[in-house]
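Common to both upcoming complexes is subunit A, partnered first by subunit B, then by subunit C.
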Partner chain A sequence: MIRALVIALALAVSLGPFVVLLLNSVRPTDAFLAPDAGFFPAQITWDHYRAVFGGDGETFRFLANSVVIAAATTILALALGAPAAYALARLRLPFRLSLIFALAFLVVRFYPKITVALPYYLIMRDLGWLDTHLAVILAHVSITVPFVVWLMLGFLEELPKEIEQSAMMDGCGAWGRFFRIILPLSAPALGAAAVLTAFTSWNEFLMASTVASDVAKTLPVRISAFITDKGTLWGNMAAMGSVIVLPVALFALLTQRYLVRGLTAGAVKG
Partner chain B sequence: MAAITLQGITKTFGRVDALSALDLDISDGEFVALLGPSGCGKTTTLNIVAGLEQPTAGRILIDGKDVTAVPPTDRNLAMVFQSYALYPHLTVRRNIAFPLEVRKEPAPQIAAAVDRTARLLDLGACLDRYPRALSGGQRQRVALGRALVRDPRAFLLDEPLSNLDAVLRLQMRAELSRLFRDLGATALYVTHDQAEAMAMADRIAVFAKGRMLQFAAPLAIYRAPADRQVAAFVGAPPMCFANAVVTEEGIRAGPLVLPCRHVPLRPGTAVTLGLRPEDVLPGDAGPAMPVTAIEHYGGTQVLTLGLDGLRLTMVAPATATYVTGDRLAVHVEPENLYLFHPETGRTIIAPGLVLSEFER
Partner chain C sequence: MGAVQFWPLAQSLVVSFHDWTLARSPVMGRWVGLDNYARVLGDGQFLGAFSFTLSLAIGSTVVSLIAGFALALLTVGEDWRLRSVRTLLLLPMVIAPVAVGTVWRMILAARIGPLNAGLDAVGLPQPNWLGDPLLAQITLTLIDAWQWTPFVMIVMAAALASLPAEVIRAARMDGASGPLILRRIVLPMVLPVLLLVAMFRLVDALMTLDIVFTTTGGGPGFSTQTLGYWIYVQGLRYFNISYAAAASWVLLAMCLATAGAFLVWRRRVMRWQDLH
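On to the complex of A and B.
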């Protein structure tokens, strides 16, 4: 009984905002500020979705940007992070350099992103890359690579080393071992890393808003445009928010097996 | 196949000497067992030959060529791991084919080689299964197959039978012996099971605490051990030891005086006496020793005798009707006595040791 209560409470806390978001996206505009507006909207309207998707089709452009950037970020972060983790896990460098390098990746997660947002803007400006997909992708890769490295590192260190030694004896070089043995065996960890990387990129706001003003603008950045000088367009914001959340939620449901396995990788043997 | 030579191989982990100045000469086509308790350096030796570990000092030669700096990938040695280390994401067929696929051999050749190996090891029925769906014995054979499918310069086997149950282990022991003899293959075989080493090897290298104590043929190890440690490690049931003194009549250990062939020691000298259980026979003279324990093994039984602090074991025929508390006198043929230096443990006399060898 108590267990059920605790679960219900945890669900309410984590899902509550999401429910409010969905409800708000179908709440008529004039009901937002009404004093007697209940938790559930008295009337349901699809106006906000129509507003968001109608008109100039801008939303579809931002949606496409988000998809492209999330996909590119995921591919790049895995392509860089997985071999890096493999190297860190296997190389025997002097002076515990492997550990130092591994920790260096972690440092990126120690400070608030806002501290690098401005320098990053300046670098992109000097390179002439402002408002390009590349600028957003690079920022997202830099945020997600440390995460990929650490997730993979934890997983690779749990792989029995005899399997790789066996491949060595069979005549398989380092790259061969990586592609023939390590990658296939790491599929669960790679899957988890890919899913979490894609989510991070999909949801990221700060760096994207710093360097992407129009051409490379992503959905989360677009949301902030509903805060206008004539007031906040709550309904449109909620509709757009739902559009951002729903694919992620669906994707998470589909990949939850990988997610759980990847996140617990290293905790359990086998 | 190739000859393998280790010269002055030393391996230290931090301040611990895992191996010190090991010299080992393995001839082409020889089956050598590396025998010793866990932590004695035998697996380290194997890994150094494989190239999976680098020696702190010393050289490894394969067919006279220095390969110390050659990575394991390029040594063309095949290894069977204790844990089998099969590739879990590949079928048995692909597991066995792996060494050939890596070498980019043409597909028809690979298929033929895999079929030949599968037939040799009776794996034909499970070629398309994954390792997780195999029994322990089958996994073991797949690991062997992966080594046998190509033509390596030598086979390195790290306790390949230790994860099998007793019956299967004996069966595979015989099969492996026959297989490697037929191949005429150079093989290094790490084991802590002295019976395995005795039964399979052309020569046994006995290790303890990072040192090789003796390198000789199984019977030489058994009948002429280099020292007390080797004698204690080889033989089941194990040799019994007792503090003894050289006297004019023979070797005196507790209440027992055993006649001995010529002893190059003055009367009164302290020695350690070693007796193999099968050398202790019922006698008709001397003190009667009470039987303190009987272990029946079906085919034989092992009696423990104890008197005045002296403890002996002897092997008796299965049909013998001793009971605990029976007293019997024992007899040991003079040439079957083992004598060791009480401090250094070096062998003074052993059945297989020619005296002149000692006297020189």
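On to the complex of A and C.
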């Protein structure tokens, strides 16, 4: 009984903010300041969504940027990370190079990205790539590839080597084994890596805000600017917030199996 | 990967030993040795951000560890209802930290936020959650804990599920009480995982900057500037490149030292466990 109550309370604290966000996004502007405005809006308005998406179509552009960047990051991070993990797991490199590379991937997880953001801005400026999709995608790929490598490494170490050995006997080369045997077998790990990578890129703020000022701007960068806007457009802020939050929340519910596997893989076995 | 992460990393270390303000010069100035570091460590704003970052990281880690572990104990199991509850409780951690800040800013708004409206309705005082320096620091710490408690819960639930059931059943048959089993059997067995989770939480919390942008913008005054936020403003808004680079290396050293300390601690615990 107490257990059910505590769980109910935890659910309310966890999900309540999402409800507030959604309600505020359809609450009429004058109802925000009304002293007797209830928790649930008496009337519903779509004005805030219209305001956010209307006008110059900026929000559509930022939404499209977020989608394109997250998709490109996911594809690239998997395409680079999966073969890299396979190579680290199976190749015998001299001087314990495999271990050194693996640790180099791990260390990326443990230093603040702000240290990289400043020089990254300068490098992109010198290359003339500031405010391009490529600059944001490159940054996101470099953050997420280590994730993919570590997730896949943990998974590959558990795979029995016998299947590969018999394929090798039959004359199957390293790339052949990777594409025909390893990739199909590691679908669950790849799924987990893809989900985590997509989330990370969609939510990432620091690197995107460092290099993208307009053309390549993503939704998280746009919403961070609301605090400095004259006055606070609560309704618009809530509408924009809902656009960022709802897709990932739904996606998370649909892919929770992969998500949980990805989040727990390293830590529990570790 | 190496080019995109480690080359800039090396470059920022080089820059931190030079004199360079982007507003004054497009190219790097002269070598100044440890000057930037000395100035950073004597800067009141840096020290303020440093102490707030430390207390936020420790506070948020402790709160999320306790809440997350408690939720894991409450929801561990393969029953479909428990699994759905865990999935729903997961949601705070999958949304963008900037959006988390935005949502909480709306909830905590002093005059129009639903929290204070609720407190008003039951006759309680309505604090200015983000407007008072000390209270804003506590609020930000709790917002960070809110977002990352699910991470602790998910990992600990997996760790609890992998414990050997026989041991716990045997202890229960011997008449051991729930709290005793928790303290003497469960906790020691999940300690290595718990330490790993604590390490991830601490290091990530030391890097906090997103939520500051959408809740307080570092205010009131400079009370809620985290190190990450302060470095961002110094480097990317005022373009004090070398100064920000030096500060960012201090933060980097803190993060790596924390991670290293926890890994050593965890190895000690595991070795001790192997002996017993």
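Basically, the second predicted complex is superposed on the first by the 230 of 270 C-alpha atoms of A that agree within 3 Å, B and C clash if a C-alpha of one lies under 4 Å from a C-alpha of the other, contacts with A are read in each partner's own complex, and residues count from 1 in each chain.
Keep this in mind: a contact is a pair of C-beta atoms (placed from the backbone, for glycine too) under 8 Å apart; a residue touches a chain by one contact, two chains touch by 3 or more.
All figures in this text were calculated on a predicted structure; none of them were measured in a lab.
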item: Subunit B versus subunit C as contact partner of A:Phe199, first or second or both or neither; value: second
item: Of subunit C and subunit B, partner touching more subunit A residues; value: C
item: Which superposed partner A:Leu22 touches (first subunit B, second subunit C, both, neither); value: neither
item: Partner chain(s) touched by A:Gly173 [first = subunit B, second = subunit C, both, neither]; value: first
item: First (subunit B), second (subunit C), both or neither touched by A:Leu134; value: neither
item: Subunit B versus subunit C as contact partner of A:Val68, first or second or both or neither; value: neither
item: Touching both subunit C and subunit B, counted on subunit A across the two superposed complexes; value: none
item: In the complex, subunit A residues that touch subunit B; value: 160, 162-163, 165-173, 176, 180-181, 184-185
item: In the complex, subunit A residues that touch subunit C; value: 3, 6-7, 10-11, 13-18, 20-21, 24, 32-33, 37, 39, 80, 104-105, 107-108, 110-123, 138-139, 141-143, 145-146, 199, 202-206, 209-210, 219-220, 223-224, 226-228, 234, 237-238, 241, 244-245, 248-249, 252-253, 256, 259-260, 263-264, 267-268, 270
item: Footprint of subunit A on subunit C - complex, ascending; value: 1-2, 4-9, 11-12, 15, 70-71, 74-75, 85-92, 94-100, 102-107, 109, 111-112, 114, 117-118, 146, 150-151, 154-155, 158-159, 162, 192-193, 196-197, 200, 203, 206-207, 209-210, 213-214, 217, 228, 231-232, 235-236, 241, 244-245, 248-249, 251-252, 255-256, 259
item: Subunit A partner contacts - residues on subunit B that touch it in the complex; value: 50-52, 71-74, 76-79, 81-83, 85-89, 98-99, 102-103, 146, 156
